[in-house]
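Residue numbering begins at 1 within each chain, and the chains themselves are lettered A, B, C, D, E and F in the order written.
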């Protein structure tokens, strides 16, 4: 399975915005004052921790938008694993551009590699089970597209990208509608044929009702492994089963062992620490 | 000391962008299909973990931009500490708007409260020392203004906001210039009288050279507490002293005890996990 | 079934942009030069043709963005049918604002009502059959969200909103992949669990292959009613069936009679003429 | 007479916006999952109907913004006539880019070629008469610049581009001002010397008054050919004469025969169906 | 003659952009740190020089976008003359907002009032003559709409707003075309009936040729008063006559006395000094 | 001392916006109608007045954004002095692009060169004194970054770029705080260690108070040379001294002779006339 890419036209506004945020109104005072305009340099991106890389296109674009003559040669592409000290890429060109874009490039790269690494840690933990690790809508505001990409780079898959590409009926929707059946019926009437419907269920009774309504997927929220196992048995392939609820690399194996199709984890995108990657001037 | 606020005109584009990212092209399918347009509800923002709150203005704006009739009453303002179960705010109005804006509001609030909480944990650890905790430029792309605000909400202070509001001469600048003196001289010639100059030093010899040049601040990078103590003694108030290098709540007290003025910490903004805050429908 | 609404935050940029396009650099020269600033007027939106209304929120916003004191009272909401001469809404306030925003408001209203009316004509033609009328991605650049809304207002349903909310495997994808099976397999591996997969088939052999792969929907392209009937029989409820290929109100009934689930029609959004609606000053 | 072009800097935002609208948050799932990154292809743009081409620059830009290595060779430039089956252009390059940009490119090309074709049909109908066919401000919101260009490509000419580049005094303005003379006088006092003034007249008495005021042009609204002929005689070259009022290819010749200078037609831009153009992979 | 206004929807982006430019990433540090949030104040806008006011709507919007509770009462509206010490407006509300928006508001007001004042000085100098003072396209990048408004506020009129609202054939166009006749003919063929054509002429021979072509206006560039007088006589009302070429309040009367219709002056918009207006806290 | 440059990524939005402002909705009617698409030309930028050049990068970008094949060779770079008749640059390429971008390029170049020239006139007037000439926040809305650059090109230095990169405590802040000491204390508590604090003082008593508080700089507002001399003596190097108050080239030498460090001048950016630079076709 290859990694679904990011379209350059989609990431350029993000990188441009981040650079302008850092340049402010006066630009890179330190570098412009100190570094001669014709100085060139070669640098390497080096992993200071082990993990999975994601975001090299954004880093490359940060350098290129500041200085089109900067060139990057990638040694370990997005989705690749690194050990501490591993050279990820070589980046060379005018020294001013390298210094000015460095922090923005690293901010993207560290953040996305952190998400990829976190995802990979859970994916690895459940290897051998059929379950896939998926992310949620608990993303950093404005960065959903690239954070979901980082999850893919780490071996995970994507849940909804937004409120509009699938129906996910939660407890409050059910309460307002007066029951699962009413909620599902209204959703079916309102949306197109390519929109899947998933329902959050807290009990096996709710699960039974959802299954009889023929929903596409069920979100089994905060269930114990034992409950999950019963749920999976009850579903018997009639719907996609998704387990959620503060699952960690430590608890993931027991969840995966229940036979669920998906394990969704919010902290991959909202709380993964950065992967420490540095830029070393040669 | 009160908390320097965020100007509404500065945060509106961020909130608007985040909402549109979530709404996509078709809007909130689930809610619009299921929830009657005239249904109203009351909800409460509840802390599920202990920590420090930050970002209520962004959360309130998320609700108001989706539905101007939604009103929020704040019980624990930004900068306030919460224990698990604490009600932070009451939010009421049309149920559709509450459900549609919920995730965006929580994404801002959880992220910023996470940063404030992390900051607060270090600030608390060094209470009694004069040192202030400051953040860096290692921020999430596009969110620097609000992440720096969250650091303030947690009791910290702000370092540079970008490449253009202060000079920070790092090792690579010094190498290019051929020494600290040359680098500082070029910087002085190039920037205005209200721009401070800080120099990163790795050794006491470098520190001595920087002090003789009359720089405003020195960044003491990756020094041991013993080295820091010597450095502070050598500086003797002639410059602001800043310690940096992977400092944690556990190691911060020994760093603070050296008498440095500032402790700068990158992970506050790039790796703090969210503070878990939920929205409960009453 | 109620009409899924447009979020105000999503349409404001479109209306603002359209007004600025019309105002140019100097504004409404004619009105500003001739009409006194304190003149008020009452106007009515009147249908000059029979059809279905769509776009009143955009029209109202056009007036309000130019002049916040303009008020609109709606007599026939979006989705409602009108006969020639029917008053759709009453709009009153400062005369300058009414005259300046008039064309922009009518351009939105006429265009969207035209789409709703065209949709309604086909929906009506197949009344009694189970098939739903759906639109395509053949929309006017920049207006997809509101044109898809207009289709809903006319009683139709929505197909994909873009390249990213469902997989639709067409002949060229199949040719590149070397067959339907390979294409479907690669798609399954690449996308999330809430993304449905539809395959375009031209023959019953292809249909058979697609069904055995368990795809969610099949696009039966340019088939005769007889072929469609065979296809529907072969599918036997295992997938959603979609007929396409220049279907008109005249040919739609025979297509619908084949038992397909969906009839997709590109011209609803790319070639429907406007519904003639005028603004009469009282 | 050559065709006044579109400046690339003016169309790029439109094309970029349309592509992003289609890519959404996750990009082209189908193509990215199925088509290998190194696959190249050659395609041809083929007319499936006879008509006049317009919008090739926008189509080319759509492909190039997605994939800079895609190249287009034009065989029939904008303004050229095509018969069904005619190859308009050859487009070759990476297959992913071709598939991803295809729909956006065709949406622009079909829409603008549809307008050019509609315009051409009326222009052809009145060949031999001096009258020119002109469009109005009844354009699709956001697309005025390119729709007016398409009218030119079809052999027509442009009326006002907005509210600010000419004065057009309509019945409501006259009513507010208390008469044509007052309206014209106020307009003259308010606008610059390069702004022409046109007045809408419904009767020959009004026409007489407008002519005595020395206006630049008169809009003869909804007049019969006989009335138009009288009007043209009365004007005797003192002003530009413009006929309007639901004129079609069928009725245009009799209108043109009256000797009017201009025939303005709203449906060219608001109701012309697309010209069916396809992209065939070789 | 009343002053053609600025539409609020047109100026809001300019004011918003200017405020954000001043707020940067951290906002008004000084005011937020020092001034209590609940402090209110009353201020007055006072002219420190005599001149003509323009730009009050932009100033008011600057205050309101920062703080909606700020209210402005205008004592001398745009276009009004002030003597030193004159109170132009009273502005009251939260002190923080007053201090934060002050500079942006004054920057707009001073700049536009400076243009209005410069315009007024020439308008006054030629009082009694029929000539009108008009501005050019030599405006500050990004501010054309409001600078042209300021010229109107000073009693002047507007020339072209851009390259697209009139044809102005200059010496280089004539040289390329191979003569005035060829240039005018090509222009006529290319543009719509509401676009006026003006030709720059340097000699009376050129003027004669232009007049025979029936152009709408002639730009008499850098002619002496004597040449202008001859030109006006030769034109004899057949075209609008415009004199240009570094005309000042001192030289304007002799130019106006030649009987030209228009005197165009670039420095009104590119070199007028600000009118000194201050904001005094009471 | 070299000239701190403008980052291309920072100026592109300004140039793009200015071009679009001039092109409007229909583009350069005159040039597109008259000049053949394949005509090329060579032009030279010529100084018509003596002064200092600034803004060549913006001019070059204006031409390149309209027509990528246009090339500019610079003979006198930004910061260089020119005499009347001096050729600043040679610009060649397609004639249409040269004519269309000409005015926008010259508007930037003339405006910025005007500021550079004005700055240079004061810098020259005080040559031999240690004082530096600095600009203020009294800039043209939206152009602060490039106007501050022009001041540097003229040999001046920059004051604050906005409200957020330094604290400047003015009389109104002092009044609200109840004294200089309270104001400075609150500011110190609120801002980061790299933010300098400057206080405006009107009397020597205030100066004394400010100095005892250890502020970084003092703004000596509207003092006579004698008062300035006393102030400088009193400061004795403990703070940066800045003189302000309507200082001109004529009065600057006597101010500089007082020994102040900085002379700040608002009119450099808000009232400098353009430097007359023309584009001559060869």
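We take it that a contact is a pair of C-beta atoms (placed from the backbone, for glycine too) under 8 Å apart; a residue touches a chain by one contact, two chains touch by 3 or more.
Just so we're clear, the structure is a prediction, and the values are computed from it rather than from any experiment.
Counting steps between touching chains, the shortest path from chain B to chain E takes 1.
For chain E, the chain with the farthest CA centroid is A.
Mean C-alpha positions place chain B and chain F at a centre distance of 32 Å. Per-chain Cα centroids separate chain C from chain E by 44 Å.
Distance from the chain A centre to the chain B centre is 22 Å, each centre being the mean of its Cα atoms. Residue positions of chain E touching 2 or more other chains: 4, 21, 23-29, 32-33, 100, 144, 158, 161-162, 164-166, 189-191, 195.
Against chain A, the residues of chain B that register as touching in their complex are 14-15, 17-18, 21-36, 39, 95, 99-100, 103-104, 106-108, 110-111, 114, 137-144, 161-170, 172-173, 175-177, 183, 186-187, 189-191, 195, 267, 270-271, 273-274, 281. Of all residues in chain A, those touching chain E in their complex are 21, 24-25. On chain C, the positions that touch chain B within their shared complex are 4-7, 9-10, 144-145, 148, 158, 161-162, 165.
Within the complex formed with chain C, the chain A residues making contact are 1-2, 4, 132, 134, 157-161, 164-166, 189-196, 198, 216-217, 240, 242, 261-262. By the touch criterion stated above, chain D contacts chain A in their complex at residues 16, 19-20, 23-29, 32-33, 37, 65-66, 100.
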